[in-house]
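The structures come next, written out as structure tokens.
Look for chain A in each of the two complexes below; its partner is chain B in the first and chain C in the second.
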Partner chain A sequence: MALLEVHGLKTHFSTEEGNVRAVDGVSFHVERGEVLGIVGESGSGKSVTSLSLLRLIPSPPGRIVAGEILFESSPGKKEDLVRVSEARMRAVRGDRIAMIFQDPMTSLNPYMHVGEQLVEVLELHKKMKRPEARQKAIEMLKAVGIPAPQQRIDDHPHQLSGGMRQRVMIAMALLCEPDLLIADEPTTALDVTVQAQILELIQDRQKALGLGVILITHDLGVIAKMADRVAVMYAGRIVEEGPVDVIFEDPRHPYTIGLKSSIPRLDAVRGGTLTPIPGMPPSMARLPPGCPFHPRCAHAIARCKEVYPDEREIPAEDGRHLVRCHVEDLAAGSVAS
Partner chain B sequence: MTAEPLLQVRDLKVHFAVRRGLLQRTVGTIKAVDGVSFDVAKGTTLGLVGESGCGKSTTGRALLRLVPPTSGSVRLGGIDLGALSAGDLRKQRRRMQMIFQDPYASLNPRMTILDIVAEPLGVHGLVKTPRERLEKVAHLMETVGLEPSYMRRYPHEFSGGQRQRIGIARAISLSPELVIADEPVSALDVSIQAQIVNLLTQLQSDLGLTYVFIAHDLAVVRHLSREIAVMYLGRIVERAPAEELFAHPEHPYTQALLSAIPIPDPKIERKRKRLVLVGDVPSPLDPPTGCHFHTRCPYVMDRCRVEAPALVECGEGHFAACHLEEVPALEIA
Partner chain C sequence: MAASKPAVPAAFTLEKGSSLGRDALRRLAKNRAAVVAGVVLSALVLACILVPSLSYWRYDQADLATGPTPPSFQHWMGTDYFGRDLLARVFFGGRISFAVGLFATLVSFFIGITWGGVAGYFGGKVDAVLMRIVDVLYTVPFFIVVILLMVFFAGQEGPLFKGFKSVLSVFVAHPEDPSYFPIFQILIVFAALGGISWLTMARIVRGQVISLREQPFVEAARSIGAGHAALIFRHLLPNALGPIIVYTTLTIPEVMMIEAFLSFLGLGTQEPLSSWGLLAATGADSMDLYPWTLIFPALMLAISLFCFNFLGDGLRDALDPRIRKD
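And then the complex of A and B:
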């Protein structure tokens, strides 16, 4: 049984512009010890998906309107996080499912020593006494590569660099030895040399602890480095999903293919023009009918403007490759023009 | 290079005084740019790369004298910009324009696109009649791929990519020779970035523009630049033709920077060798002695801690500032 199974998740927001279907029927699963990468651009619904998993959607205006989030909180025991009580959710959050965000400066309390923030987690979830919790916090800071943790533990967040703050966030997320870690753009705010350190740290901890990880990013390079499986989101839905090698070598959705050919590569031959995806992502309040990608798609047929495509499985050697596109004979080469 | 380069920068320094306390006493100096030299030939692109705090943006601003340089010279087409009076400098400003990172912050929200794009034309007295103004703006909007009939709209009615096009239209309105682009695509979505990168390439070949392209994304910089300069804490540590820099990075920092960037190909990523640095970029307020990079360098020697290495030529047009006789080669992919 998978660690996490999400079925038909819909999270909508009521706004002045109308009902925004930020996440509109998303299904995926995460196994223990596996990294699922979720890629998408701003507004694709990737962050709303992750916040929905932890029921952190501000309500109003947001609401999970349908679907189930089945989480295996202990072996053989499944809970639907959409339906459990708020008290139960608080016990799961930070304990069994932990999350790290893009900006560690806004997710750490600026008034508290980092140590207090770590100790608080252990007191709350593990009912530890202070000295013991402090000891455990120091060990964890050491495990995430913070030099001189005995001294740093009494620092305020502003005394640490961006990379160090993100390490503290990771330490905090791993304190209770969670089963699932959700990392939402964990390195986007960091410089590349520091990003490399943080990604290696997440990879190292993930392997050591057998964590399930959901890694949300817009950076295909980060996905290639980190993910076992990839889900590509566009306008609130997963449009393609599959093992990482399949998604990069044999993408079938025109959006995935377009993303791949629009990024310049470090190891590519210089010159030539990039092949951008024309147009821009649609407004979520006024989605076009049918497949929301059709106004930007070079292969759109009449049906794309009317009917949202069903999920279709494409034979793949290792693992399931799913795509939502009406056009059946698309392969990587055919879209380059 | 036969002709004189369009832009010649020599030993440019920008230092900021750090003041603290009630009396605002100077307690230190941030050497944001600390002796930077380079040339850019007409019609080509120099990429200026580095991490936050390396001084790449300050360098860009100092070229246009948006921040006053502490010392050094900037020559545009042979004219020393530092020697000009305020009035003469203003006339020269037509020849050099800037594109900013954040298309949300760099456009006045209360002005229409028409007013935004036409403002530089008015300042420099380049349009005489309202009709001429309209025609010129319509033409500029077409040039950057915007529908001219949108010229009476306001910035908030446009997406990030479209706003960046507006910023570009404004920048090229005076037919400049030099355009400084400071992270022009980093705030944009991936699928939109390529549109803007292609537009910049197109404009360069159509209008013969010369670019200084400032960015932290080396893949984008490589795509656009003929030559690349890598900065670290206010100094250029390596400068080379783009292909050469990626094929044979000589400075350990360049190597680390290149190997830190993930390549969107899982098979390559799995077998890549990396030079992972320890620690963060040190504070520019208190940079390390000697070679600024010595605190993070895997090959550090005693000499590096006391003596700053000069930028010396190590191949044709390839310069690196490192004391090591031979830096172990590192393939980036």
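And then the complex of A and C:
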């Protein structure tokens, strides 16, 4: 049984421009001990998906309008997080499902010591007394590779570097030994050298604790390094999903193919040009009819403009490879570039 | 800055973390204006507590034979029209002025912050209802209300004073003693000032909380399962502390000024009690003949207002941990 199953999740925002369908029917699942990567451009609904899982969507204007989020909070017991009470949700947040945010500079309370923020988590969920919680917090800071944690625990966030702060965020997320970790662009705001360290830390902790991880990023390099499976999002839906090797070696959706060919490569011919995807992501308030990618797609056929494609399974050796595209004979090689 | 660095390179010494309070005190100590203001204020408060009890002269001991005299060895600040020692009256008046300021500020601190914090945090309908109440209270003409309150409800025969006497009878043997009436009137002033002092605070805090609410650390705090109360009181309000502190230290002198004005109009503190406003008012009537009766209370008022402002400024800077240490 999967740790997390999401079925037909729809999160809409009512704005002045109209009803924005930021997430419009997303289904995926995460197993224990597995890293699911979610990739997509800005505005494709990655972050809204992750916030929906914890019901952190600001409401109003946002609302989960449909779907279910089945979470196995204890072995054999499934809960639909869309329907549980707010109090139950608070108990899940930070305890069973933890989250790491994009910007460690602003994600820690500037007025509280690092230690107080860590202790708060333990007080909330484990009903620990302060000295005990503090001890645990120091251990956890050590586990995430912060030198001299006894001293650092009494620092304010501004006294730490960006990488250290992200380590603190990770420590905070792991304190209660959650089952699922949602990392929303955990390395975007960091230096490249620190990025690698943070990713290794997440990977290391994930292996050690057998965590299920949802890794959200727009960096395909991060996905290649970390993920077991990948879901590619475009305009609020998952357009392609499959094991990481399959997605990288045999992508079938023109969007995924386009993403892949727009990555700069070290071994590419000097002077060669990158192939970007033409056009811009559509406004979520005014999505084109049919497949929302068709105006930017070189392979679009008449049907793409009218009908949203159904999920289609592609035979793959390990795991399911799903794609939503009308054009069936599309393979990586067939895209001339 | 370079001179104050320790001889050992920083890399070899582990910096010890420190608490917000201790840090703040250290930074405050570096702000000379704030330190001086703090010392002067403490001295003033202490004097107001001690002087009326230690002084040879009582604040309400009239000596019509002496009448008004300029400052002298016997009466350091001189005497007023009734020959009462001005020094004793000024420091006794300080008690009431400070008490009014403190009380109204406490009200503004607790009610205003909670009100504004809740309104800003929940937003939407809650915000609309809470802030409309504030708006309505704002439109009530304060001085008219106080005048009406004093004239119609706070008279010797009014129901409020009867209620006050019945409460008083629990504590004292003779509640009908007329000397309790001025105290009762001061309480009315307290209540009126408390009632308006929190409105602006609520608005300020609401604005702060609304801008802070969208910060990522608030979302992060929600993601660890923090509830509404924890979010408002642990995460949002401490971050709004700067403006809150500044406004608080501005509220104290402001309320003292309003009290002075009310007393000036004859609506606040009543003879034979005194407050700085009342003393200044009576002093102003006879400033041509006995200028010292105006100068001393006005000076006290001015000094304490200055000090509160400097101290507020210093506290705001000191309480922000993001400001670099040196």
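Simple rule for what comes next: the second predicted complex is superposed on the first by the 335 of 337 C-alpha atoms of A that agree within 3 Å, B and C clash if a C-alpha of one lies under 4 Å from a C-alpha of the other, contacts with A are read in each partner's own complex, and residues count from 1 in each chain.
Please note the rule applied: contacts are C-beta pairs under 8 Å (C-beta built on N, C-alpha and C of every residue); 3 or more make two chains touch, one makes a residue touch a chain.
Just so it is clear, the model here is predicted, and its values are computed rather than measured.
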item: Combined model on chain A: chain C and chain B, fit or clash; value: fit
item: Which superposed partner A:277 touches (first chain B, second chain C, both, neither); value: first
item: Touching partner for A:152 - first (chain B), second (chain C), both, neither; value: second
item: Chain B versus chain C as contact partner of A:323, first or second or both or neither; value: neither
item: Angle, in degrees and to the nearest 10, that opens at chain A between the C-alpha centres of chain B and chain C; value: 80
item: Partner chain in contact with A:245 - chain B first, chain C second, else both or neither; value: first
item: Partner chain(s) touched by A:36 [first = chain B, second = chain C, both, neither]; value: neither
item: Partner chain(s) touched by A:215 [first = chain B, second = chain C, both, neither]; value: neither
item: Which of chain B and chain C A:235 touches, first, second, both or neither; value: neither
item: Closest Cα approach, chain C to chain B, once both complexes are overlaid on chain A (Å); value: 6
item: Residues of chain A touching chain B in the complex; value: 41-42, 161-164, 191-197, 199-200, 218-225, 227, 244-245, 248, 258-260, 262-268, 270-271, 273-278, 280-281
item: Chain B to chain A touching residues, read off their complex; value: 51-52, 159, 161-162, 189-195, 197-198, 201, 216, 218-220, 222-223, 242-243, 246, 256-269, 274, 276-278, 280-281, 332-333
item: For the chain C and chain A complex, residues of the former touching the latter; value: 14-20, 124, 215-217, 219-227, 230, 234-235, 238-239, 241, 321-322
item: Touching residues on chain A, where the partner in the complex is chain C; value: 54, 56, 60, 90-95, 98-99, 101-103, 106-113, 115, 120-121, 124-125, 148, 151-156, 158-159, 169, 172
